[in-house]
Amino acid sequence: MEFFLGKFNYWVYIAMMMIGFYAMIAKHNLVKKIIGMNIFQTAIILFYVSIGTKKGGTIPILEGAGHHAVAPESINVAHYINPLPHVLMLTAIVVGVSVTGVALALIILIYKRYNTVEEDEILRQLS
Amino acid sequence: MIWPLDFILLIIILILSVAAITVRDLLSAAIILGGFSFMMALLWTEMGAVDVAITEASVGAGVSTVFFVAALHHTNRRSKD
Amino acid sequence: MIHQAPILTIATLLLTAFWVPIIGMFKKESAYYIALAAIFIAFAAACGTLYSVLLHGPIHYHMGGWPPPWGIEFVIDYLNAGVLVLIALISFLTTISAKKSVEQEINRDKWPAFWSLYLLLIMSLMGMTETGDMFNMYVYLEVSSLTAYGLIAMGEDGALIASFNYVILGSVGASFYLLGVGYLYIVTGSLNMADLYRLMPGLYHSKVVFTAFAFFMVGIGIKMGLFPLHVWLPDAYTRAPSAISALIAPTMTKVSAYVLFRIILSVFHIQFSTMIIPAAKLLMWIAAVGIIYGSIMAIAQKDIKRMLAYSSISQIGYIVLGLALANRMGLIGGALHIFSHAFAKGCLFMVAMAIVYKTGIRNIDEFKDLNKKMPFTMAAFCVAALSMVGVPPTAGFFSKWYLVLGTISGRHWLMTAVILASSLLNAIYFFRIIEKTYFSSFLGGGGHGHHKTPTVVMTEAPAMMVIPILLMAVGILAVGLFNFQIIHHLLQFIVPGGLA
Amino acid sequence: MKPLKLLALITVLITAFFLMYGVNEMPDWGNSSAPASTHVSPYYIQHSQDDTDAPNFVSAVLADYRGFDTLFETTVIFCAGMACMMLLRKKKK
Amino acid sequence: MTNRYENLIIEFFCRVIAPVVLLFGVYIVFHGEASPGGGFQGGVILGSGYIMLAIAYGIDFTLKRIRERIILFLSGFGVFIYGGIGAACLLWHGNFLDYGKLPLPLAHTNAIRGLGIMGIEIGVGLTVMGVMVSIYYDLIVAGGNQKENKGEVCDGILSR
Amino acid sequence: MNTVVSIKPLLAVLVSLVGAFFILFTSSKRQNLRESWTFIAAFIKFGIVLSMMPVILHGKVIKLTLLEIAPGLSLMFKVDFLGIIFGLVASGLWIVTSLYSIGYMRGLKEHAQNRYFFAFALCLSATMGIAFAGNLLTFYVFYEMLTISTYPLVTHNEDEEAVKAGRKYLTYTLSAGVLLLFAIAATYLYAGTLEFMPGGFLNGHNIPIGVLQFLLVAFLIGCGVKAGVMPFHAWLPSAMVAPTPVSALLHAVAVVKAGVFGCVRIIAYVFGPVVLKDIHMWLIVAYFVSFTIIVSSLFALASDNLKRRLAFSTISQLSYIILGAALLSKASLTGSILHIPNHAYMKITLFFCAGAIFVKTGKKNISELDGIGWQMPITMGAFTLVSFGMVGIPPLCGFISKWYLCLGTLQAREFFFLFVLLTSAVLNAAYFFPIVYAAFFRQPAGGRPAFNEASLPLVIPLSITAVMAVIFGIFPNFTFHFFDLARNAATTIIAGM
């Protein structure tokens, strides 16, 4: 049970990612694929954020700081959660929304051209 | 970090993600995806990743959903699967 | 200023790319010239980088002055200095020849955005070669994918579907890469390649590292069109605008192949993929199947761009095979093949672009008498085709030579057979075209060749298009003849110590 | 179930298996002595105020230590904007 | 337009809330150093303010306030600010993005770096805002005639 | 062994390469200019090669290292006894063939003459490269270049038959090239060097016998395909669709000779007599080519098309050369090397005759040749003269090389091969003499035709080569010192210098 609970976040992220992945490769509807892609990327973000957590850690903003220097040694590292994965994930989120935007633009054009967003129908029209 | 809240949120998120890909109405799916992102943002606030949470709330739940709706405006909102 | 050369390659393209659409709002034609100038400066900077590397050894450039592993660094050693110049040179030549084709195929309103994305694509490819940080690599991967999605979608009918498939697969690939980075980060806490290389030996038996490796392979495999993950590639190359095919075919997959080299050689140690897990063996078989599959599929195609696309799949197999052989000759052969194939495939796609531009012909069966219409273009085609087949003294021969040496010294006889058989298969589909073009004047006409000489007027593509094509052909020969110099100054350093 | 979907399901399950295989050996969730929290990131937490005058570590890392990433992240957005514009925008009549 | 009053409510609500949203966005951009937020988040919020206007009043109305060319200019110029600050460091013998080398009249390097961060956050914010509005505009117009879209996004979808 | 460094071998290769591009870029309307390029290149080349001969004859070796390709491996030229013979033959005959080509191509108003002369010059460059190659890699580079540059010549007619023949040619030669590449790569890995040495360089590397046997087979198939050794000969008769000067070039000068030359190089300069005897392969090779000698003669007997008959005759004669090399005795090596020039001069004459007949009368088959000797006495006279030489009747040059081959079989104490050689001579007589008989002693249906010789550009070359064939029979050392060169080559090989 400890084994299960200790990594619960990881199990959930795997489950979520697989849901997204399945939607991406198995669904015929192009919009559904994009929804799957969003879920997929969000799962990765969940994974990264989970890396950064520390039990008993607080948000990564220095407490009680104005604009004055603080001696590096006086800061307790274990008190703050790891900021690096958060930084990486900001990038990933932004990338995700960019790809979504482009993909939706493509979907609109595909709909205008083929009058459907179902992949099998498009393939039937192409062949 | 509050463990029970964490678990509940994760379960809700799983349910929402399954819902988002199974619902046949694409508009509903997009809205569910927005809800999913919002729950995600909550989860991350709860985990201490405030910057990610803000971004996810504004991007995932906000702009992304708007994009979906805008795209669905031009296409078909019904899906076969 | 020479020590700033690595960043100038990126910064020039980047800062120009933002102004291209803004200036393009007022004058559409200027977009191209601005882009060309930027690419030329980037090319010069790339040459400066290479020069500096050759003189002073590898460059470590710290972004923002933060030393690694805290900051991001550019690491330019011998291999990627070479690849950098290769990418810059090929994109420069492609850009020169692409002008007319783009003007023909792309709506005038879209030129500024087009050239902006084009610059960003080249920029991201250069960034991928230079960076020494795993996550930075991901960002470049995404920039290159995103620009490619847009550019490919500008092509003919069917490009939309091709691009959409690429969106799906490309984001799966990038996400897998990101997962791999995350898995490495969770056990090492670092994102810097050199740092990871230092930390890695202690973690060889970790399952996490193994999983990370698998995800890297799949992620980059998708990006480079490695055999079972290639499904996006043929459609994308076929349907994209000719200029874009000519740009991405020689550069994008090659850069991805370079990334694969980087990850196997200088993030994981080569011993990891040969001794700890049987990755090299698996890759070798995948590459072999890919080589044969790509060649056979290429034979079955009628559309020249699609044929070249399948041929790319086959050639990527060569590069991966060289890497998977994991011995001195194999690695050198694989790395040299990046160069030789980039030139050959670039030349071939540029020829296809010129043909499509001038005649609109895509079907190989209609190539009859094309040699009389476009003699210079077809001459370059022949040189490139011979390089693909591996006829000396073209570049293709020498990379094949090292690969064969690699397979023999590793006692992989079956792989030797695969390489040799594939060069025969290559010969089949290239000589088919040459035969159609040059030697079928009297086919089907019934008459014998002695009496009538068909009068076909020469309608060569514009000089702006032909000269880069010919330069590429010269490049193929130059890489072939001076391959020892390339190996001696650049490629021999990739072979890790202690490798036979 | 159609064969294609079955194939997809199998792919998904294989991937899931790999992921779980890897997760098994990972440090537990929230473990503050895991390498991820001890190798590089302590420097950021300790020095960011000193180096960059930004108490928000995320901002400091995002905009300074790893500012180069962020530059390209912004570029990604710009690319998306350009791509959408190129694909969809038509000249006004 | 299914219900005139419903639309009225939306319009009124947006008119009230949009300035607040924009102000909040600006706050997030500028206060990113010390509190959660920064260029991205602020930029997205700024963008969504305009998108909100566009949803309520139609895209034409919004374009009167922020013109198409301005959007394009902002999205390009924002990144250029970022890259330009980075490249400017080269002139003072720093590495790329080494803000500490910029010759600003401040006593400490860290203060200069702080200003540098501020500068690039502004750049990021501008770009993100511009691009978000631009993508929304492209998606909603999608090459068609833009006159017909006034406030009918949801109506159009729901009636189908 | 003294070595001289000289740029001459490179010049000999380059002169026709450069000439080729001059030809290509000359307007196809200015025929005279174009063909003068050919002649200029041909004469310069011949001069260069000839100027190297005295040096070689004094027992020196000309060496030139061009580009290093891999550690210890470079593009290298090395002119030795064997190489200079081949070089002399090829460059000398190019002049004659060029003259003949002009007559033939203009006589038939052929299309695409630019391409034709371009490919021809390229072909000669490659041949020169093969002759002067100093190591296996250089050899391979030019060998493949020869393959590719001959392809447009084979397919010259551009009709269905030609295209098919071209495909067949490429299939055979490229497959062989691939095999050769493999063998060269493996040799490099095992021996660490690829440089040709008289007497072989594979000695003393402790290579397992099985590997050596396998390598020899790969090498000999790789080169044997071009040499038309049975059962890899099928491309050669179908390549007969090419214009006759091409056939002459293919069969007498460049391509098949390159294959044979390669076989000799491999037997004598890569493996060497010692290794070849150690691995028990020399007799197997000899039996193998003996089979070719006999069977292809039988094929020649059965074919009615004149060029086809000549093609099978070539296959048979080439195998003489390989047989001589495989017997590994001094006399047989001398005979075998001497047969390279001798056969070249004889066979080219025969092809020239066939071409002249075709240009003049349009006849291709032997059964149509009744009485043609009276119509074209010079042509058929040369044909008759040379066919005596092919059979091995003195005082023609064919006799000398056959004599040494027979001596060689006796030296090697393998009397079976003496029998083979003699049988083959009888068969040669059996397929050549009926042609001569028909030409001079049989009345055609319409009565004896009047004198109507082919044009001068056709007749002069074939007369020259026929006369040369006689001169070499009487004075084997005439001008070119073929005999001395061949004997020296054989001596160095046996001595393993």
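General observations
By written order: A, B, C, D, E and F. Residues from 1 in each chain.
Going forward, a residue touches a chain if its C-beta (ideal position, glycine included) is under 8 Å from a C-beta of that chain, and two chains touch if they have at least 3 such contacts.
These numbers come from a predicted model, not from an experiment.
The chains in contact with chain C as well as with chain E are A, D. Any chain touching chain B that also touches chain D appears here: A, E. Of all the chains, the one whose CA centre sits at the greatest distance from that of chain B is F. Core chain by CA centroid proximity to the global CA centroid: C. Chain pairs A-E and A-D differ in how many C-beta pairs they share in contact, with the greater number at A-D.
Centroid analysis (C-alpha atoms only) places F farthest from chain A.
One finds 22 Å separating the Cα centroids of chain D and chain E. Centre to centre, using the average C-alpha position, chain C and chain F are separated by 43 Å. Here the CA centre of chain B is 78 Å from the CA centre of chain F. Chain geometry summary: the mean Cα position of chain C and that of chain D are 26 Å apart.
Counting partners per residue, chain A has 8-9, 15, 21-22, 25, 50-53, 55-57, 59-61, 65, 67, 69, 84-86, 88, 90-91, 94-95, 97-99, 101-102, 104-109, 112 as the residues that reach two or more other chains. Among the residues of chain F, none is in touch with two or more other chains.
The multi-chain contact residues of chain E, meaning those touching 2 or more other chains, are 34-36, 38, 40, 72, 76, 79, 83, 86, 96-97, 99, 110-111, 114, 128, 135, 138-139, 142-143.
Note for the complex: chain C touches chain D at residues 14, 17-18, 21, 63-64, 66, 69-72, 109-110, 113-114, 116-117, 120, 124, 127, 133, 135-136, 139-140, 142-143, 146-147, 149-150, 153-154, 179, 183, 185-191, 206-208, 210-212, 214-215. Across the complex, chain E is touched by residues 4, 7, 11, 14-15, 18-19, 21-22, 25, 61-65 of chain C. Per the touch definition, chain D reaches chain C in the complex via residues 18-19, 21-27, 34-41, 43-44, 64-69, 71-73, 75-76, 78-80, 82-87, 89-91. For chain E in complex with chain A, the touching residues are 34-36, 40, 110-111, 114, 128, 135, 138-139, 142-143. Looking at the complex, you find that chain D touches chain E at residues 50-56, 58-60, 62-64, 67-68, 70-71, 73-75, 77-78, 80-81, 84-85, 87-90, 93.
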